[in-house]
Structures are given as C-alpha cells and as structure tokens.
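Each chain carries a letter (A, B, C, D, E, F, G and H) given by its place in the written order, and its residues are counted from 1.
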C-alpha cells in the first residue's frame, strides 16, 4: 500500500480458498501488521478459523483480522440507530481499529427515542471522529451533528422496506443533512467510514481520553 | 362537494380571470361558507384583491379565502423545520382553518437544533393533529413522532439542492420513518395535510385547548 | 413507549429466539397490555405458538399478539382492492385493534368493479378513519375519498409486475390523488396506517356505531 | 405515407417559416386530403392563420388543419378527467377526426366525483374506441374500463406536481391498470391515441350512432 | 364480467388449490364460455392437468383454458422479435383467441435482420390488429408500424441484461416510437394486448381472411 | 495533447471573451493545426466571427474551426434519423473532419420509413466507421447494424417528450441493441463519436472511396 | 451555534434585504468572529458590498465574509478537476478558511491528464485534509486517494450534460470509489466539505507546513 | 449473417440441449468458421464439453468456440481494473479473437494504483483498439484515454454494492468521461465490445506488432 494503510481482502466474489490464501500471503509479507478481511460469509469465516488459528473472527462484523493490531491512537466513536444496523457498525469499528484508532460503540439510539441519545452526549463529545450508522430515513447523523462539533461520517444502511429498501433513502437523506459538515459513505460501507475516521483520529492532537481501545 | 368540505380552486393552469370568476361563482352559490383558492401567483393574488375586496389574501401561503370561516373545532398544530418551509406550512395552516379546525404554528425547529424543539413539547402535546413540514433530509416527523403520540402528518417540501432537490428525498425519508404512525402527503402538499388534519381535529372529542384559532 | 402506544416487535432480521424472547419480556413488563409482533415468517409464528400459548397468531397478517387487547374505541374500516392486498389489510386491521380501535374489514372492492364499492357506501360512512389498501395502479383511495369525507389513509402494496412491481406506482398514484386529504404510508406498511388510524378513531367524539370490534 | 394516413407536421423544433411551408407544400401535393400540424405555439398558429387562410386553427389543441376532412367513419369518444387535461384531449380529438373517425368529447369526469362519470355511461357504450385522458394519479382508464368493454386507450398527462409532475405516475398507473385491455400512449400524446383510435373506429363494422362527427 | 369478456384467473399469489378451484367454479357458472388462467407455474399447470382433464394447457404461454372457445371473429397477428419473447407472444395469442379473435403468429423477425420482416409484409397487412412483442431495445413496433397502417399494440418484454433488464428500456422505447399510433401495454403483459386486440378484431367489419383461427 | 489529437474548446460555462481568447491562444501555439470550439451559443459564434475572421463557423453544429484542416484519411459516414437530430449529426461530422477523417452525411432515414434507409445501403457499406444519430426510441443503430458489418457508433439525442425527453430512452435502447457491436456515446455527444470514428477511419487500411471530404 | 462553529447564512430563498440584515445582525452579536454567507447571486453580493463595506466578497465562490477570520490551524488542500468545478472549489476553500483552517488550492488536474496531477503529489501529501472536487465522471477522488493516505472528502459537481447532468453520476462514482476511505458530500456542497475538512485540520497534531493560510 | 461476422449463440434462456444443437447445427453449416456461444452456465459448458469434443471452453469467460479461429488481423488489447472484472474481460477477449483480431490482456490496473497502469503504457500504445473493463466508479477508461490516442471502448461491469450495484454508476461514469472519444457498451457486454474492437482492428492498416494472437 502506497498510502501506508493496512492491507485488506474484500470477500465477495472470492472462493474460500482464495480468501484464506490471500490472508496468509499478506500476513507472511507483513507479519508485524494486521491484515483485514471483510464481507466474509459463514463458510469463509469457518475456513479462516480452521486454517489460520491466529485470526480473530467477528461474526457480526463478518471480518477476520490476522497479525498484531497497531497501538490505538485517538478515539473513533461508532453510533448506531437500530439493531439491524449492527453489522455495519461492527464493520466500521473493526476497520477503524485495524487502521490504528481506539474505538467505542454506542448502540440503539434512534431518533424516535431522543432521551437515549441525549443521555450519551458526553461520550459523543470525547470522540476525535464520529461514525453514525442508520438505515430507513437516515436521520441520526443530522441530530448528532446538531449536538457536537466533531468530524462526523454518516453511513447509510440497506435496512428497511418499500422506498427505504436498499438504503438509497438513507443515503440521500444524509447527503441532504441540514446540519453542516456531515460527510457520507456508500450504503453499508462501514469499512470506508472506519478507514476515514481512523485517519482523522490518528492524526488528531492528543486529548485526554480514558480507557478506549477495546471494541 | 359530496364530502361536505369547503370548495377549493387550484390556481396553476388557470388564467387570472378564471381564478377570479371561479371564486366569485362558488361564493355566490355558497355565501355562508368559505371558498379557498391555492397556489396563486402574484398576478392572480393582485386580481383577486382588486376584484373581490372581501377576499383574505395570504402572500406567504399564496392563498385567497372568500366568505366566512367556520367556527374552529379542535386544534391542528403546524410545525416547520426551516424558513424555506414557510410557504408550505402556511398553506397547510390556511387549509386546516378553512376546513374547520383551530390552528397554531411552530416555526424553525429543525432537527439540527434539538433544544428549540424540546422547548415546545408541551404545545405539541395539546394538538388533536400535528402537521410536520420539512425539506432536505425530512427528518423532523420522525423526531416529533418520538416525542408525542398524537396523529401526525408529514409534509415533505421541495427545498434543497443536489439529491434533495425537488423533495423526493424528504418524501421517502418520511415514508421510511422509524417512528410508528407517520403518514405523509405529496411534496409541498400543505393543502392536503390541512384537509386531513382538520377532519381529524374536527371530529376529536373536545379537550381543553385555550386561545387557538388564529393563524 | 413515551408516546403511550403498545410495544411492537418488528420480525425481519431477528432470529426465532429473539422474537420469542422479545415478546415474552415485553409481556412480562406490561402484563396488562397487548404486545404486538409483525412480519413474522412461518418459522417465527410456529415458535411463538409453541413457546407462548397465550399468543394470538394471525397467519395472513403474519402477526402475533400477547396480552389483553384494549377496549375498542371508535371505528377503523379497512378497505382492500384485491385478494393479494389481503396480508397488508390484515396487518393494518390487527395494528389498529391492538392500538385501541374497533375494526371492520371490506374486501375485494377494486376500482374496475364499481358496483361492489358503491354497495358498501353506508359502511364506509360509519368509520372514524378509513384505511384503503391497493396495489397496481393504486386508484382505490381516490375513488373512496370522493364518496365520503372521513379521514382516510392510503396504503400502497407491492403487488403487480412490470412498472407496478414493488409498489412505487401505487405509492406515487396515492400521493398524487386528485381527491383532497388522502394521506399515505410506505409500501406495504399496514402497521403504520393502523397506528395512525387507531389514534384518530380513539380520540374521535363518540358516534353510534353498532357491533364493530371483531376483526 | 405508405400507411395511407394523413400527413402530419410536428411543430416543436421547427421555425414559424418551416411550419407554414411544410403545411403549404403537403397541401399542394395532396389538395384532396387534410394535412395536420400539432404542438404549434402561439407564434406558429398566428403565422399559419395569416399565411394559410384556409387552415382551421384550434387554440386549445394547438393544431392547424389544412384541406378537406375525410368523411367520419365510426365513433371515437374522448373522455377527460380534469380541465388541465383539456389540451391533450383536444389534440386527441382533432387527430382522430383528421384520421377519419367521428368524434365526441366528455369532459370533467374525474374519479373523485363518480356520479358525473356514471351519468355518461350510455354515451361511453356507443363508442367504437375510447380515449381516456387523465393526469395526476391516472386512475380514470381503470374505472372506465370497468364500466364498458370497448377498446380503450389511456393517455397520461403531465399535469400535477411533486411525484405527479411530468406524468410518469399517471403513465405507470395506466400501464398497471387492474382492468383488462387498457393500452397506453406516451405522456401527453393525444395525437398518437387519436391515430390508433381512428384506425380502430374506421374499420369497425357499422353500428347505429347518431349525429357524432362534430368536435 | 359487466364488460362481457371471458373470466380470467391470474396465477401469481394463488396456491395450486386456489387456481384449480377458481377455474372449476367459473367453469361451472359459465359452462358455455371459455375460462382462462394465466401465469401458471409448472406446479399449477400440473394440478390443472390432473384435476381438470378438459383444460387445454399451453406450457410456453403458461396458460390453461377450460370450456369451449368462442368462434373466431376478425384476425389478430402476433409478431415477436426473438425467441425469448416467445412466452409473452404465446400469452397474447391465447388471450386474443379466448376473447374471440382468430390469431396468427409470426416469430423471429428482429430489427437486426430486416429481410425476414420484409418477407412477411403481406401477412401483416391482413390483420385487423397487430400485437408486436419485443424486448431489449424494443424497436420492432416502430419498424412494423412504418410498414402497415393497421391498429398496433406493442408489448415490451423483460428479456435483456444491464440497462435492458426488466423491460423498462423496451417499454419507454415503444412509448417514444417515431411511428404514429403505436399503443403499449405493461412489460410482459401479453394478456392485456390480447384483450385489446381481440376487441378491435371482433368489431372490425369483415374482410376476406382465409384459414386463421388456429394458434 | 499527449494523445496527438486536435485541441478543443468546450463552450458552455465560458464567457464570450474566454472562448475567443482560448481559440486565439491555441491557434497561435499550433498555427499548422485546426483548433475546434463546440457548443457555442449565438453570442459566442458572433464574437468568434467578429474577432477571428479566419474561423469557419457552422451555425447548425454550433462549432467554430480555426486553422487548416488535416488531409482527410478514411471515411466516416454520419447517419441521422430525423431533422431534430441535425445539430448533433453536424457536430459529429465537424469533429470527425477536424480529427482527420473524410466525412459524408445521410439525413432523414428514420426507422418508420425503411425504404429511405434501404436506398442508401451502398453508401453505408463504403464507410470505415458509421456514426448513427437518433432520438426518441433510438432504434436506428440496431437497424443499420443489421445491414452492414462496419464499426458503428450510436449517438442518442435529447429530442422527444414524455419518457423520451432528455435522451435516456434513446441511450438505453442503443446500449440494449440486439445487433452485435453497437457502441454508444453520451446523449447529444456528437463530438465524442466524431473523435472515435475519426481515429478508426484514419487508421483503416485504404479502400477506394471517391470524393468524400466535404461536410 | 452549540457546535462552536461560525454562523452561516444560506442565500437561496432569501431577499437581498434578508441576506444583508442577517449578516449584519449576526456580526453585531459576534463582532469577534467571522460570519459567512453562501450562494449569493450577483444582486445579493452587490447589496452586501454596498451596505456592509467591511465584508469580503468572493465572486467566484459567491460568498461574503464579515468579521475577522480565525487564525489558521492545520492545512486543507482543495483540488479541482476542471475549470467549471471552480465555484464549488472556491466555496469549499472559503468555508474551510472561515471555519479555522489554512487553505491551499490546486486546480485543473483532471484524470485525463495525469502528468499534471503527478506533478503536485508533494503538495497533496502536506495536507491534513484533502477536498477533491470533480464533475462529469467524478473520478478524481479515486486517483488522488490512491496517491496519498490523507483524510479525503470528495465533492461531486453538477457540471456535465446527458447522464452527467446534475451531478448524480459524479456523486455515485465517488461513493463507489475503489480507493478506501473516500467520503463524500452532496452535489456542489463545497460548504459542507469545507466545514468537515476544517474540523479535521484544526484538530490535527501540528506538522511543519509553511506559508499556507491564503486562499 | 449478412454482416459477414461469426455466428453466435446467446446462452441465457436456452436449455442445455438447445445450446448444444444450435452450436452443432451452425458448425455443420459453416465448418470452416468459428461458432461462438456466450453466457453458458456450468451445466451448459459441461454438456458442450461432453457432446462436442472439438469445442474450446473458457470457464472464466463462460464461452464455447467450435470450428477454426480466423487468422488474427490487427491487435485488440483488453484492460481490466479489478479481479471481479475478469469474466467480462475474458468474454471480450474471446469475442474479439473469434471475430478475427489478435488479442492481448492486461489485468489488475485499477485507478487507485496508478503505478501499475503507468508501467504498461507501451503495451497500450501498440493496440489498434483498446477495450477497458471496470466496475464500481468506472474511472479506468478516462485515465487510459488520457494516456494514448487509440480507439477505446469502455465496458462497465456490474461489480460493486450500494449505489454501484448493477453497473449503472460505472456505465454513466464512462459515458460522462472527460477524456474525448470514449465509447461504451451495455453493462457486462464484453461480447459487444469484442465485436466492435475486432472490426476496428481487422480493418486497421498493418503496423508492426509482435507475437500477439494468444489470449
């Protein structure tokens, strides 16, 4: 990678064998760095578990990580609206951690229940970069961006039905946010948000943030 | 009207002369009821003002009303996110009033500034029916519907640019609301929301609502 | 629920175990109220039937209800155009009943056979709120709203093929209705229409409506 | 024309001079037949009126006809939902007449006022081919096709706003009609419907239809 | 049927049992007329074959017909562009025949091989109504309508991939035809085209058309 | 230009002054080559005419050319369906000529009048590359590509109304062509087709093509 | 502003008087901070220039700034593909500067001329955050993100015609970038990108970046 | 084939038996030429392998070729961005070879890793026609067309997710290319690009190109 980031294997369209050998090979080449694989289906995760015992598998995020994680620098907080947004939030968290940031998660803070969101305002304010994951009407980034002035990436998810199905409504809503400074990734692209947020957090001047590198 | 509602003249596609004579004729036929004209451009409003001195013109709502308003029954509260949503909110308010409801307005309570919205929670709770008007990401109905259990109609507006231009994003966001019971009208259709809300408010069992019929 | 409504479990994306335990837990917390689960596939319904013998399962609506229904207040009439609109109409009916309204159903009154619709005009006029369910060209709400002045919610369904497939044509047709006051939910969202209509019917001033709480 | 139909000049994209000379030239070549020009703006109509005194101009249909009309054979009935559908209905009527059919018009029979439509049922049944023109939700063809078994062409119009703007909703609704045998033209294409309907009416076996060739 | 047409059962969304009993019941009520079922999958066709031995099954058209066909009046010619348009052409042919017209078929005359089309020009000219079925770019109706002046219905099919997938390109191309008088049905709606064409052909004044009622 | 092609100035978004000075400056730098400006409105063309007397203006193509044309190598034939496709065909012709090819034009050969197209078959066969320009249903490239095996570029135009408005239908139809080997440019992009076709024609092995470099 | 950012006036939909008084009022309230107005048309800029002599007007960016700029912290580099992307790049630069970052610009580095882009690689690597502005196919962010590992925001612009018109193609291309970590704003939203990038740059740990606060 | 090209069998929608017999029959009719079958699934390939031992199967391209290949004339170079674009690139290569051109392949030269692309610049310059295959943001044709002045066909692929899913983003990006002369095929249509490129390469005047006919 000319950009200095972790190597990443994108699972879809690869056979189980291709995933395992890509991970193994990249790990052999860079034994001192983490290699990440994303979008692994159950079969691929099973094979990685069997063939590469050192790999850390996340069944919700559908990821595998091989090799030592970098020390966490800065803090990314991943906020998710509903339970069905969980896998995308988890992918974002893993990606941010692998790319060198400390990570915290806040779940189930949808806009139709503001009290839950208002209760975590402090935690939001500690982040160097926020990742806000939501499906359906995709309103959460607007509300969060109205509460704190932290760099914020919205991630629309494909959850929902009817005109929400597939995530375009959430995507377009986030792009249309009336709150200034909301930037956005492709639908379900937790990975991309994690990379961007980690870069922001890593280069942020240190602030006092206690106990935050576990995801 | 077989449905018992006020007669309404829809301005677009009509000449100034057609608008004036339609209003005059319907008023002559039903001198005891209000007749409403909507979507009047400046020329049409000017002509109505000149030809029908009894008409009440609203330059923001772009409406004209001729004949006595019905006594207000029940309360419709019209909530708007931003200043550019004003004309649609005003059209909704006039329509609800002409169709027999009392009306109150709450403006400038966008989701990126929650404190303003939380401050009017009481007023929201007094309504028999809420009309919530928003453009861009159309998030306001979700947030309001999470605060009170009142019947609520969302009205998406065509304000915004890029993927928000034209109002489809706000429309689809409201239809995708994660808050239960949000129903929606066509883009910029304050009139339709006013009719529905007035019907709901008029038939609501009386509650104690002070001073509310002025719009 | 801050809004005072019934608790609801949305089935898609949840395992059978998650659905059963969500229902059980909410019921334990509110034994005096009904808890509703929607969009349950055959497996989830089977598991609820086995694990929660007190639950009332509706195989067409794909719902489960646990706990005592509230006493019916006011009347919601659910009108459906065709037989393939049946599941959505049934979901609307169950949701309205669980949220506190009496409910009646009228089926198979598509716009291409007006005589059937004209024959039930009386029954339509008794409702406090109408829910009108239709797919394909979604014309039924316009026709019904031309017959009676009752608050009316249109629910577009995803039945149809070609340009009707998925329900967007029915949705856009209902939003474009030439009849005033038609409000609309997302495609197939009988649940949302039921919640809105129940709120309207519950707060309506009492009228004399005989024998109507069975669905 | 190899197909034996009238020659037609399509106005848009042509200068006033081009329109006039195209009409003149085609008329010189076929002095015994009508030549039709459509979609003429005010300037083009003015020029035709000045230069070709024999031309019959229709300011609503925006057409000009030069040369003798063919004797009317069979009957086309053009039905329109609202007043803004008038220009398209007029274009259809002129085109059907020029292409050899007798023509009648029925206006203002929208689906939200069924009594008006039911009152003209007899007249509908006399037609050899029906043209049904409607904008917004485009529901009228479905309702008419449920009343009579006559060949029927739906013409969606571009009237309406929000999701109805431009006519795609009306078009898709007509294509999705639950009534069998509805066929459709492009948005605002009254001309095309007139050509098809005239062909059907001209070749229909004679029935007794009194006094119908005036448009 | 108030419109006097055959009764029709639309298969999708019905169980095998529902299809069989709908056919049986309609046949019992009208033993002197044909009843048609469309869009039957293999299972439904198998069940109809087993339960209703009098039914005539068409495995390509995916139809079943029960009861005597009406005598053929007039001639519908069904033209298809490619082999994958065959099922839709077959559905159109069966529907036209059941609705009372004589029917002929012309296959494999795509626009990229004009010589085949030019060779059948005579046969096209004999029809009282043409049905032209094509997928992909949907160009065939324009070319056929340039050759003969017969009433013509285009039927777009969902064959194709990329931007042609699903049939919208063929549909929009047919609606945009530069040939006058082309009318169109929904994607894959051979049935609707058959109904319209049969109505046109049945009422056409007799011409001399030899041996044409077999499909 | 690293690719060795002519320098080109794209007019839209540039002031009259910017267009003139861009042309002048590029001409000064490469006095031995042609410089092309496209999409010039009337004002820009007027200014070029006044300020740069050596420029050759084409009012239909809306282009200006300054400097000597290259000697024509190979032959590009530009075929257009209708008169409203003329400006795009003209832009393609100018671009091909400026980029070094000989050019011929064939106009008014729409698919609804095949005899005109069949009459020019010989001329089509002489080309080294064909550019086929059509709007509305965009069928012409399919038909032409079925007649000759020459490299062929389709150019969809934005002429048409309803679902044809803007050119997407023509674009998608050409991309979906059932004739093999049709490649396509953006809507109205005659320039791009001219560049591609000239590259093909220039590098083609010489064949005997008489008198063809005039456009 | 609860988020601590500059106050901003959004011009569209406001009268000249409203823009001037909003700027004046916010400046009076916060004389020590910059107030920004965006999307000002020529009339509004003229009025601001006349009424508020202290305001700094940018005619390309279409912005006005009143009050002292904050000291620049960190470096935002704004990269633009073509000249028509200039106004959006300028809006991004002004917004980033007003929100507290140092700003540099790199223009005319489109992907069809890689040598220009490769020549500025060093300058790209100095940024704390990159803003990459491009219209048409929107490819520039992918290429830049492959060269450096800096946080990067893509801004699609509405330049282009045919399928590029309006900016959706550039938007979707940037969202689909094969380069990891590209985040995106709405079409033409230079302002939003500037806010995000300034937040990132301001909080970045200091690096040695010489002479960069002029825009 | 009137156009003189190879006969081709398109697999989708054909049974295994139909594919085999179509290949056998065409081969019997033209034993001296290659016959190509495309889009063959595993079953069809297996059957061809078993029944037609002379056929050459390509499992990545999903093609079968029967009969002698023509001698290679000219050179087509097929460039692919990512590994998931492989099958489309392979289809293009096989089609170009069967249609008479020599073919070379360049893989894995995505725009986010420019160094790989710059390294093959020489090889690109040798081609008579380039085919550039890319999914997701579809940027590769713009970059390649900026490096060399060779005729170039872009082929968008359906790889990607979110707004990239299905290939429309890549298609529209290529059509919007800021590099002049890029022409495009339908999504995943390697076959069509191969036919066009082979025609261009075959007719190109010979240049010195060493060792290139193997694919």
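One rule holds for everything that comes next: a residue touches a chain if its C-beta (ideal position, glycine included) is under 8 Å from a C-beta of that chain, and two chains touch if they have at least 3 such contacts.
Predicted model, so just to flag it, every value in this text is computed and none were measured.
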### For chain A and chain G, chains touching each
B, H
### Query
Taking each chain's centre as the mean of its CA atoms, how far is chain C from chain F in angstrom?
58
### Query
Centre to centre, by mean C-alpha position, how many angstrom separate chain E and chain F?
41
### Task
Hunt down the residues of chain E that sit against at least two other chains at once, touch-wise.
2, 113, 145-147, 162-164, 168, 171, 175-176, 186, 189
#### Entry: All touching chain pairs, where touch follows the definition stated at the start
A-B, A-C, A-G, A-H, B-C, B-D, B-G, C-D, C-E, D-E, D-F, E-F, E-H, F-G, F-H, G-H
### Query
Which residues of chain E touch chain F in their complex?
81-82, 110-114, 118, 136-139, 142-143, 145-147, 160, 162-164, 168-170, 172-179
### Message
With touch defined as at the start, can you tell me which chain G residues reach chain F in the complex?
### Response
83-84, 113, 115, 159, 161-164
### Complex interface listing, chain B residues touching chain D
2, 12-14, 158, 167-168, 171, 186-189
### Query
Where on chain F does chain H make contact in their complex?
1-5, 8, 128-129, 145-153, 171, 175-176, 180-186, 189, 191-193, 195-196, 199-200, 203-206
